[in-house]
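My questions will all concern the structure given below.
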Amino acid sequence: MIDMPLLPLIILMTSLGAAPVLLALPERSARLRTGLNLAVAAVKVALVIWLAWKAAHGVVYDLRLSVLPGLDLHLQADPLALMFVALSAVLWLVTTIYSVGYLERGPHRARFFGFFSLCVAATVGIAMAGNLFTFLLFYELLTLATYPLVIHRGTAAALRAGRIYLIYTLVGGLALLLGTLALWGLAGTTDFVPGGVMAEVAAERPAAAQALFVLLIAALGVKAALVPLHGWLPIAMVAPAPVSALLHAVAVVKAGAFGIIRVVYEVFGIELAQGLGVTGPLIAVAAVTIIYGSLRALAQDDIKVRLAYSTVSQVSYITLGVALAGPVAAIGALAHLIHQGVMKITMFMAAGNLAEGLGVKKVSQMDGVGRAMPGTMAAFSLAALAMIGLPPFAGFVSKWYLAQGGIAAGQDWVIALLLGSSLLNAAYFLPLLHRAWFRDATPEAANAPARRKISLWLAAPPMVTAGFVLVIGVLANAPFSPLEWTRFIVTREFNGGL
Amino acid sequence: MIALSQATIYGLAGLAVFGLGLMGVLGAAERLRRLIALNLCAAGAGMVLIAAAWRSPPAVPDPVPHALVITGIVVMVSATAVALALIRRLHSLETDTDD
Amino acid sequence: MTDVMPDPLTLAILLPLFGAIAAFLLPRAAPAIGLGAVVATAAAIAVLGHLVVQAGTIFVPLGGWGAPLGIELRADGLALAMLGLTALIALGVGLGALAAFAGETEVGGQPMARQRAFFWPLCLLLLTGMNGVYLSNDLFNLYVMLEVISLAAVGLAVLGGTVAALRAGLAYMYASLLGALMMLLGVGFVYLQTGRLDLAGLAGAPDSAALSAAFGLMLVGLALKTALFPLHFWLPEAHANATAPASALLSALVVKAGLYILLRLAEAGPFPGEAILTLMGVLGTGAVLWGGVQALRAERLKLLVAWSTVAQMGLIFVALARAGLEGLSDSWRAAALLILAHAVAKAGMFLAAGRIKDVIGHDRISELDRSAVRPALAQLAFALAAISLIGLPPSLGFIGKWSLMEGAMMAGNWHWVAVTMAGTLLSVAYFTRALTGFLRFDRVRAPLDEHRGWALADAPPVVLAGLAVGLGLAAGPILAVLDLGTPFGAIP
Amino acid sequence: MPGLALLAAIGTPLGLALLLALPAARGLVWRALSFAPLPALALALFGTVPFTVSNDWLILGSVLGLDATARLFLIPAALVWTAAAAAARVWMAGDRRATGFGLCFLFAMTGNLGLFLADDAPTFYAFFALMSFSSYGLVLHARSEEALGAARLYIAFVLAGELALFAGLGLAVGETGSLMLADIADTALSVPTVALLLAGFGVKLGVMPLHFWLPPAHGAAPVPASAVLSGAMIKAGLFGIVATLPLGEAAYADLGVVVTAAGMVTIFAALLMGARETAPKTVLGFSSVSQMGIVALGIGAALMAPGAWGAVLPVLAFLAAHHALAKAGLFLGAGAFAVQHSPAARMAVTVALVLPALILAGMPLLSGALGKEALKTALGAGPAVWLPWITLALMLSGVATTLLMARFLVQLWRKRPAAPAGVESDGLVIPFVLLALAAAALPAIWPTVAGSAAQPIAEAAPGTPWPLVAGALIATAAAVASHTSRVGWSAVLSTLTAPAERAAARVGDALVRRRRALSRKARALPPALDGWIAEHRLGQTGIAALLVAVLVIGGAQHVAPTDPIAPPAAEQNGP
Amino acid sequence: MTVLLAFDLLLAASIVGLAAATLLMRDAFAMIVAFIVFGMLLALGWARLVAPDVALAEVAIGAGLSGALLLRTLAHLRGGGLSAQGGASVSAPTNGATQGINALLAGLATCALGLAYLGAPQNVPGLEAHVTDAMPESGVTHPVTAVLLNFRAYDTLMEVVVLLAAVIVVWQVERGLAETPAPALGTVYQGFARVALPVAVIAGGYLLWIGAEAPGGAFQAGAVLGAVAVLGLLSRHVRPAPAHRPLARGTFVAGTAIFALVALGVSGAGRETFEYPPAHAKTLILLIEAMVTVSIAATLAALFHGREPVTVATGKETT
């Protein structure tokens, strides 16, 4: 195969380039748009596979464009980047298919798919950013690209959600800008380097290094929805289902979590971060977030809001795993990045189907929906069970590693935390399953005509991702599984410390 | 000590005129008056320049400032004409709408 | 200059002048002539760019006399960048003007045909003045050029012919004249002290009371012309009430002339002290905050954009002051980047705002969302320009703010960083007002009519706004161009 | 004199009871009711002990007297009776069966107080029986279905107990050859005798499995009656054991094991059963049962290891006093609660009830905890094998009592005890509060009352709070659990988070209001400023101001150096 | 010397006093007249400072033409007559306090500038030596003209551009709506004009010609010729009509165009822009001056006339 040094850029451009075209397409040309969407998404998956194949064979991708003296736009394809790129490429394809079905005949499709594409481009950019500066660039692009998606419906509620979202994320973005500037000023570089770049600074000015850490984590914590910066996430649920799915599974929330991974491992370096004494508070924040999110989820009646709080809780597993500062926990964290994405996207798409097909938006309306939409609810149930952490699904694998990591790090209470969280997960997911499968539909619900026939475009994607949930759990130890890949990454980050 | 030369006299006078003009521009309420105040400013600036051209043994005064001031005068009359055109037009429109 | 051809510096100034003459003589052919002249000017600038890249700073002693007796033209990287920017914006605005003046007439204003006929000579005269300012190396010549710009700009500002425009134009005229006269008196003081008029004469001059006074006068005069807070009172009305292409030129270019001269003065002369520089930064802060607050409560889209100009001008002053006198040899880059960023973005934004106003029929922000007609591309252009003005990556505005904050931080001046942040937040707030209006749909009663197809008129704003965002990626080359001929001495 | 004192002590209630037969005197009797126990109290407090007065003429030659131990039992009993009598007066004020009640009440009082003064077996038995049987009237008083049932049960057990007691006393007298209780207690009685005595007194004590009558009876009786039943009469059982059994003289290992085991079972079984009860007074009854289990532990230990008796006895006396005051207080408190009309007053009573409840549950430094600690210490001399278990049981009994108290307080609200209409609430509240305070002050006043017998108490450790805390936690958890099972998870969570959310919302509202006000002001400011600036054309003034500022700042640096710079400018200006 | 100095002091004081008087005059007409007188005195002062060219320019343009423009505008504002009171206001008059502050600040600024002025070195050699050195190559013998049209010809070109810009803006702004006709002169004046016009034309031409050697030159000449045109307009000898527009436009731009073309045309072959070949310097300068004079005259007249001649609906007259 020929060598293509620009491959990362091409992958980025597939969606970035598609965005203006999609934006400019007239509203009528639905077929063309669908074709283009799917083609680009498929091409992207293919390219990512190619990239992974090349990278696995030792090809190093490193693209730089100098913006200011000493400050580059830097794209790279290290294993960590590849992991996130692959996740977003695959899930984008799935979500695109879903969106096509979801938005059939809806308004503003040109705008939707244009920004959707832009959003994924931003995610890919975040994944492959080789330094914090580039990361910042795509992080802000992500904010901007998701804003029109959040307010897609154009109602007052949507606009309010959008405004709150924008306030949170832009302030976070400003903090990140400040942090990047400070990093640039302190360390003279913003590059992501395994082991970090802050060693000298931390030796000379530990307080400054600590402040920088706090600033960066707070900035990223907005998108990663760490308590108390999570306020935007449940409100942003007014967005259409595919947007919620993507927001929660890959794009926004994960961008924050991914950024935390980068900052902890490759800006500060995990040992330095421990030395600075900043991981402890981070663990505490993550733990509080996990419990708080679950507790809030329990009391929600709106399915999507419940899922949103669940996300608040679940994404902090990643932060927790990172902050525990051990290789095993790191594996758990990285694996959860993928697993949670697949699980949560399944649930959101399923919830979207419920809303579209039956008009069911609340937990209290879910009686008997299993019978009405068996496929969708099967997918939902599978993902929910996985979320609770039942073997052999994906969620179990990451929780297992997190628990092991906690023990390895001498933080045995993590097990209690995970158990408590699992218990709460069960408490807020099992009633849904109970209602869906074991209760009869209320008479009026049973007699109500289906709001809309769920096409294959809508029905298939959650089932496919549910399949992923099963497969990556069952085949966790097989070669090329996400788990294996995260092990590979962690080996690199910890210099073979496994 | 500064000798009280012609240049000093006219230079200071020029500054005074400039200052008066400035005051007029800031405070005057009528459009015409403000415009005249601006013209005073220009005159004051010109006086300073001409004073700068003056040499104590008045053999050959420096011609460059002279040329500059001539240019300044022409520029100022152009600007005045434009401002007056605006004033007239505004007056027409305002009296039209007012009536 | 031993070429047979006239030197490109003079051409960059005289070509638009000839264009203006021709356009004035042949009103019906004005658009064609105008665009042709702009293209020709751009070509001359391209040639000039080639020379500057090769030779660094170029001096042209007009009339063969050379300074201090004659007038010299001088072209270096900074001038080149500004020339290129001006040509670009003139081209964009010119294309936008083709469409903007295409209609019949505006209620209460000038007939379109007249506007069309007079736009081009004035625009080209403005271009003459702008290019003249960039290339000038002589204080008095700068004054004359400022007057050329002033008159052309006033003409553009009142092109619409409405009462509001005329009132604003007259206020602008007075402010502009007073600023120019202060500049003139300053020149007088310089001559009094040094006996010469070229900028190089300032460089060698000892710091003295007369020079300080001269600097003070010129500074205040230029501050008045650049609408530095609190001398901004004339700007919002003048810019908001002009027709869109005129607003674009006024906001993008005209205010930059004063800034450019300030940069040149700072480069050449003994700057009258740290305190003055700080004062400028403080006033810039005032502009950022007050401009932001006013933009937040502006009721009309164009007024909002005009207030944002006030805020952005302030930011540029903050950029100049960010690292004190010591850091001025680097701060000018940040200021220059911000000037370029603001010019491109604001031109695009005003054109977009004009487009929106034309299509919807009004530009009241509170009722933007009531319209069933949505000029999507113009709105997109507005949003893109807003991204650059807010300073989100990867826009040129972001690069400018980055350099501003970087330098401020390196110098330990965190307060300037805070000001920039505050300004950014304010700009997010006021631009969101407009964007929300674009994106809200639930108050529309009629069926939506979003895509009305393509219009040539949409191209210039989109392209300009797109450039404002995209040029951030070309910040490296832009900085390289700015450093040609090492303005402000070598890189520290 | 002692004779007169004894006569007053016993005769006052007895005389009043007789006076009740006269309709004309009834008002007087009711008014004097609460003074009836006072002669006995005075005798106990101020009489010199021991003393005996023989009245050969009475019954089988009755000997009355008071020794140190009996005195310690008499004082709290008299106190409880006083308080209960005060309560009874208001409680019965409008009752049509008040006379009957008063009769029974006074007879029971006579019996109860008298048995402490009895020195010989027949007299003791007589007083005991008088107390027991007249109490039937107290239990039965309401005549409701419940009261009838409870009374039936009560009387059955009383009968059985009296029978056993009779047999036991008889055998004991036979074995001893003396009617005097002191002699009986000095003799190593045979096992059956001891067993019979234990059974007889055990019924009164309510130790399992002889407890069945107790909770229903306490629940069914009117409040003053419940108070004396629980506060005074139960102690009669204990006193009987103390007075008749040869504790400290001989070892009865088997019986000791039985009693100890029964005590342990009692402690916890009473909890289990009490937790299921809904009537608050019944719950209190179970609490009494549970408490008597503790007493049984002490007795059992002494039966097994006679050497421990010397240490155990003072403690048991203290425990008896403690329980008498606290439990009677609680009963009267329940009554006081029942007669309140407003929720706020009920809440106040509830809060006041927390004090005796805490005393009973073993709040450190208060009598319950001190008694237990002292018992633990005293049992150190007891059987080593049982010691750890007993210690554990004592600790857990704190938990158990806490739970029962929590249950009582909760059920008080859920199922308010019946109360006659128009009861003057002060008449209940004051006795209740006084008893509660007396219970609280017990550790402080006990040394002056008991003298050297108070030694173990004074030396006792303050006790640990954790049984109380654990009990409170379990109670909370149980409450939450039961609540949850009723209303569902999410509702509970909402309830839990509701106050926080309400508070947050209130703060948020305040902030929003503040912000709105501020933003109104902030919104008004720019236009106002704008208008002001435009009105005075300050922008223009700004030009001059800035010019002056710049000139002054710029010029300042040239003024400062005294030596004006006068460079040869010509040199600077070459071409 | 002292007498002269006293005279200078008196003159300077008068100038300042008149400036103040101008601003203080209640009546707009009086204000304008005071301003014109101020200009005359100013010219006198400049003459005292050996700046005859400037003095001439000030009399002709600064005082004369500006005054005429102001008066004409005032007439317009007052609806034709000069007697009516008033003049449009910019905004509500500012109150006393603000005025006081303004005066104080302006005074302070003036004092600061005065101090700086006094602190500046006197008699710093300017560029006169350079001028003297370069005079032989300039093609003219009058230094001011040499500076204007050779050494700093670029400035002068731009100055003409300013004029051009002014006339474009004026034409653009005013388009003959609701127009009061310019005050016409009586027949006596018409007769006077008939005599005066040829004289003035000749005087202008002379000024232009003499400018090469002595005080005078394009601007002064243009001003005189412009005055001629103004007289023509006032006396209705010249009646601008729409048909004149192309001619007028051509005349406006002629000076600028020729100037710029010459400037560019002489460049190349080792010469910079504006670098006239010495042999043709005088000719070229004269050519430029001539064209510029014509343009200036036309422009000034047009500025006075104040609007583009368009057909108005009233049909009475093309004004």
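Note that the chains take the letters A, B, C, D and E in the order they are written out, and that residue 1 is the start of every chain.
One rule holds for everything that comes next: contacts are C-beta pairs under 8 Å (C-beta built on N, C-alpha and C of every residue); 3 or more make two chains touch, one makes a residue touch a chain.
Keep in mind it's a predicted model, so treat the numbers as computed, not measured.
Under the touch definition stated at the top, chain A and chain D share these contacting partners: C.
Chain A has the Cα centre that lies closest to the mean of all protein Cα atoms in view.
Among the pairs D-E and B-E, the greater number of C-beta contacts is found at B-E. Comparing the centres of all chains, each the average of its CA atoms, the largest separation from chain A belongs to E. Among the other chains, D has the CA centre that is most remote from the centre of chain B. The distance from the centre of chain B to the centre of chain E, each centre being the mean of the chain's C-alpha atoms, comes to 12 Å. For the pair chain B and chain D, the distance between mean C-alpha positions equals 102 Å. Centre to centre, using the average C-alpha position, chain C and chain E are separated by 30 Å. Chain C has its Cα centroid 28 Å from the Cα centroid of chain B. Counting partner chains per residue, chain D shows two or more touched chains at residues 537-538, 540-541, 543-544, 547, 551, 555, 558, 564, 569, 573, 575.
The set of chain E residues touching two or more other chains comprises 90-92, 94, 98, 102, 105-106, 109, 112-113, 115-117, 119, 121, 124-127, 130-131, 151-152, 155, 159, 162, 165-166, 169, 173.
Touching chain D in their complex are the following residues of chain C: 68-69, 178, 182, 193-196, 201, 204-209, 212-213, 215-217, 219-220, 223-224, 230-234, 272-273, 275-276, 279, 283, 293-294, 297. Chain contact summary for the complex, chain C toward chain A: residues 376, 380, 387, 392-394, 399, 402-403, 405-406, 409-410, 417, 421, 424-425, 428, 432, 436, 439-442, 448, 450-451, 472-473, 475-476, 479.
Against chain B, in their complex, chain E makes its touches with residues 4-5, 8-9, 12-13, 15-16, 19-20, 22-23, 28, 31-32, 35, 38-39, 42, 45-46, 48-51, 53-54, 57-58, 61-62, 65-66, 69-70, 72-74, 76-77, 87-94, 98-99, 102-103, 105-107, 109-110, 113-114, 117-118, 122-123, 126-128, 131-132, 143-144, 146-148, 151-152, 155-156, 159, 162-163, 165-167, 169-170, 173-174, 177-179, 219, 296, 300, 303-304, 306-307. Chain E meets chain C in the complex at residues 90, 112-113, 115-117, 119-121, 124-127, 130-131, 134, 150-155, 158-159, 161-162, 164-166, 168-169, 171-173, 175, 246, 249-250, 252-253, 256-257, 260, 263-264, 267-276.
By the touch criterion stated above, chain B contacts chain C in their complex at residues 11, 18, 21-22, 25, 31, 34-35, 38, 41-42, 44-45, 48-49, 52, 64-65, 68, 71-72, 75, 78-79, 82-83, 86-87, 89-90, 93-94, 97.
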